[in-house]
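In the two complexes below, chain A is the common chain; its partner is chain B in one and chain C in the other.
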Partner chain A sequence: MGAGHAHMLYREASSPVHRLPPEVKIAAMVVFTVAVVATPRAAYWAFGGYALLVVAVAALARVGPRWLLGRALIELPFVLFAFALPFFGTGERVDVAGLSLSVDGLHGAWNILAKGTLGVLASLLLAATTTTRDLIVGLDRLRCPQILTQIATFMLRYLDVLVGEARRMRVARMSRGDDPRFLWQLRGFAAGVGALFLRAFERGERVYLAMVSRGYTGRMPAVWQGAGAATAGQWAAAATVPAIAATIAAVALVLT
Partner chain B sequence: MHISNGIIDGPVAAVFAALALAVLTFCVLRGRRDLDDRLAPMAGLVAAFIFAVQMLNFPIFTAGVSGHLLGGALAALLVGPWVGALCVAVVLVVQALVFGDGGVAMLGLNITNMALLGTAAAYLLIALLLRVLPRTPTGLGITAFVSALVSVVVASQGFVLQYWLGGTTDLGGNLAGLSGTMAGVHLLIGIGEGLITATTVVTVAKVRPDLVYALRALKPAVPAPAVPVAGGAR
Partner chain C sequence: MIGYVQQPPSLDVRGVRYAYPDGHVALHGVDLTVPRGERVALLGPNGAGKTTLVLHLNGILTPTGGTVSVGGLTVSRDRDTLAEIRRRVGIVFQDPDDQLFLPTVAEDVAFGPANLGLRGAELTARVDEALAAVGMAEHRDRAPHHLSFGQRRRVAVATVLAMRPEILVLDEPSSNLDPAARRELAEILRGLPVTLLMVTHDLPYAAELCDRSVILDAGRVVADAPTLELLSDERLLAEHRLELPYGFVPRPS
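== the complex of A and B ==
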């Protein structure tokens, strides 16, 4: 549990982006994504502008392109839909390398790939520069209802409990002669999923009771809330990126 | 199932975001009443469980869609419909913000499908089936299986509805095909989800029936819970 305070995507570093308060980063990221999505798909130059912004922030945050692009592959299953569109779209068709493709479908595929990728890169940059704890504090400062931040806190904390418990049960199975390989270990896992849930719950309940007996009332300690709330200057500094993105989106909307 | 940025157009996404926000606000108000010392850690664990389970993605290459387990029925059974919907919503928000699963601008659509539609369909069926079926582990298992199966298919059809309203590419007559593909794929996923939900809930009900929200709601009618308390799950 001691190591459970940063998630696997967090990149430990000291950069201007890391030092920004979390609520500022969350707000900037959301506004940036909305601006990207609102851009008409035919304004190709606008997406180049957004990509430059992402590169600039990544450089400022000392996040390498290799890490960023590697992690961006996570979106692959979600944009597979895009690759089907040129085949199933209607209207005018063109021949590309012997395949009859729909023009509207090709535009649609570009739209999803460009906007999806930019969105994923923006959230990866947020993840790389913000710890789990800061993320919750940021959501709390953005007036997210307490019941939601409470569920989110426990969710992120119990993920480690769940993974640790699953590992212990696997070791227990193996030491009793189970020989898990590739897909066959799924059977053992499926049979034990109920037990895993209960064991993790009982461990999690103890964690919760320990927190309650140390004064937890559903909100993270006031020390975390008070210190380091964003100043007007920090808001202004972080607002540059979404402001540029919003300007690009507005110009693209007017031009097309 | 996660809709990424750009698949549905802006206005429709904004309408569904407003809808999701309104329903979630209601869930927050009702959920506050439910969330006690027993439910708070359970809600966190259910959310963590759903988070872990949603990591398993099955891309379906021929159809160009991806599917995964949703967890709405599990949440509705263990923590009730209000907190359950909040749990799934929290999972989706964190996935969108940090992991880039599903676009941030499409969050309203994703929450409507998976957190609201899925959980609501599951809870309606749970409320109905628990009254009709015998109060045995088998009855509870069947309830969990059926509600999970149906909730996954309902959530997938939510996407089809949204695509019909505001898809960025006109599919014409292929929309029926999309609906069929989504329903077929999610029927298969629903079977897997149903089995996991049923196994988990039946185990929890055997050892700690007090933790199952759906059974707690029924208790006034049946003073002695019919689910046998087996001592040794471990």
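== the complex of A and C ==
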């Protein structure tokens, strides 16, 4: 029950990218994204270079284009605004296929779309090659504040429990004839959300009691954190991608 | 006898009284002694104060009167004492989802001993030992929510076994288990070389595992005798809202 769908984004495989420790992948992804964002929008060739880097990493990680692009659709609601820019932008205008578009707006749309897509693809590659658990371990090793990694750990553990609880409550509601179709029929659902919140709250108390009973004093003990931390060689290997990206960004900045 | 040194009992509860902050008195002077190595069932209806008593055993609640000692060490508010008490008393809570809060089984079992300061190979050995004791060694790297309920309860037992407790306290260990999981857990518990206090209203389970039983009702110990003797006393059971399942006749196995 509630098992098996925790890995929406993770793609089980054994590739050089999968084997890299999580912290170097996170660092590489962040540096890569910063480089992409810092690139002037008119340096079209630079974005081609970034795209090539993404393709190379994807190939190395054995992640197919269909898998990657399908999940990249998640950015659509966020870039929808970009499609409106060419129509509503001001200044000089050009005619494309009978439509009068703003040049400035076209540049703006390209800027959002290209940078957004590259960022999403980089994040997807990270998620595809790193389990959620490893992501948290990686953040921890990168000295992310423990409070944040702890919250993420709890979320990872209890999300399925909560979803299971919500599902059982929904089934029980439906079994008693609740069948909301309109907004004003959502009373049962709303009460369910409230009950779920209370249950989660009470569970939080019980979990804390059980933790205190095993000697918890407010700090998570470091368990096996040192094991498997990245070596200098792994850092160097993973640094190639962000290094190339940073070089492209620097050249693009100088040239434009 | 010359040269005979008496070991302190694993658990010694003396005159423990407790009132909740709202004034409701949950425990009216409870006395309970569990010698080392014994298995005792703590029986009582819902609301008798069983869970309240359990939370006193490792100092989560502080009695308004009376004392609790574990293996000769008296529970107090002192930090070091509390840490040692929580090592000695291993509480297995009723819902394993409350107890298992980390993403993998091994990490969760390591949580307790790591709080005791164990690290590295020693910690790994402790985890493997505890998981082996409950027959879950091959599941060490799995996520708790991918295990069956019975497996999760066994892992919950392992999480406190890993702290090498003086006494294992189980809150309703048989609840929500199917008959096979129930039997497996009983076999595991019987094989553990620790003192056991089992809080339950599952009377057959108490009869199966514990020679001695204590009945707690309305915050008082109302009976303390061999389990079979208690379970044969229909009037006593009825007085305290305890009932044997239909068709169950207690008899020595």
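Note that the second predicted complex is superposed on the first by the 212 of 256 C-alpha atoms of A that agree within 3 Å, B and C clash if a C-alpha of one lies under 4 Å from a C-alpha of the other, contacts with A are read in each partner's own complex, and residues count from 1 in each chain.
We adopt the following convention: a contact is a pair of C-beta atoms (placed from the backbone, for glycine too) under 8 Å apart; a residue touches a chain by one contact, two chains touch by 3 or more.
None of these values were measured; they are calculated from a predicted model.
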Tell me which partner A:156 touches in the superposition: chain B (first), chain C (second), both or neither.
both
So, A:51: does it touch chain B (first), chain C (second), both, or neither?
neither
Applying the touch criterion given at the start, work out whether A:244 contacts chain B, chain C, both or neither, answering first, second, both or neither.
neither
After superposing on the shared chain, does chain C or chain B touch more chain A residues?
B
First (chain B), second (chain C), both or neither touched by A:104
first
For A:85, is the partner it touches chain B (first), chain C (second), both, or none of the two (neither)?
first
For A:133, is the partner it touches chain B (first), chain C (second), both, or none of the two (neither)?
second
A:214 contacts which: chain B (first), chain C (second), both, neither?
second
Would you mind listing the overlap between the chain B footprint and the chain C footprint on chain A?
153-154, 156-158, 161, 207, 212
Chain C-facing residues of chain A, complex:
2-4, 6, 133, 136, 153-154, 156-158, 160-161, 203, 206-207, 209-217, 221-224
Give every residue of chain B touching chain A within the complex, in rising order.
2-7, 10, 13, 28, 31-32, 35, 37, 40-45, 47-49, 51-52, 57, 59-61, 63-66, 83, 86-87, 89-91, 93-94, 96-106, 168-174, 177-178, 195-196, 199-204, 207-208, 211, 233-234
Please name which positions on chain A make contact with chain B in the complex.
7, 9, 26, 29-30, 33-34, 36-38, 41, 72, 74-85, 88-91, 102, 104-105, 107-109, 111-116, 118-124, 126-127, 130, 135, 145, 147-148, 150-159, 161-163, 190-191, 193-195, 197-201, 204-205, 207-208, 212, 218
Quick one: in the complex, what on chain C touches chain A?
55, 58, 60, 83, 86-87, 89, 91, 93, 95, 97-104, 107, 110-112, 114-116, 119, 123-124, 143-146, 159-160, 163
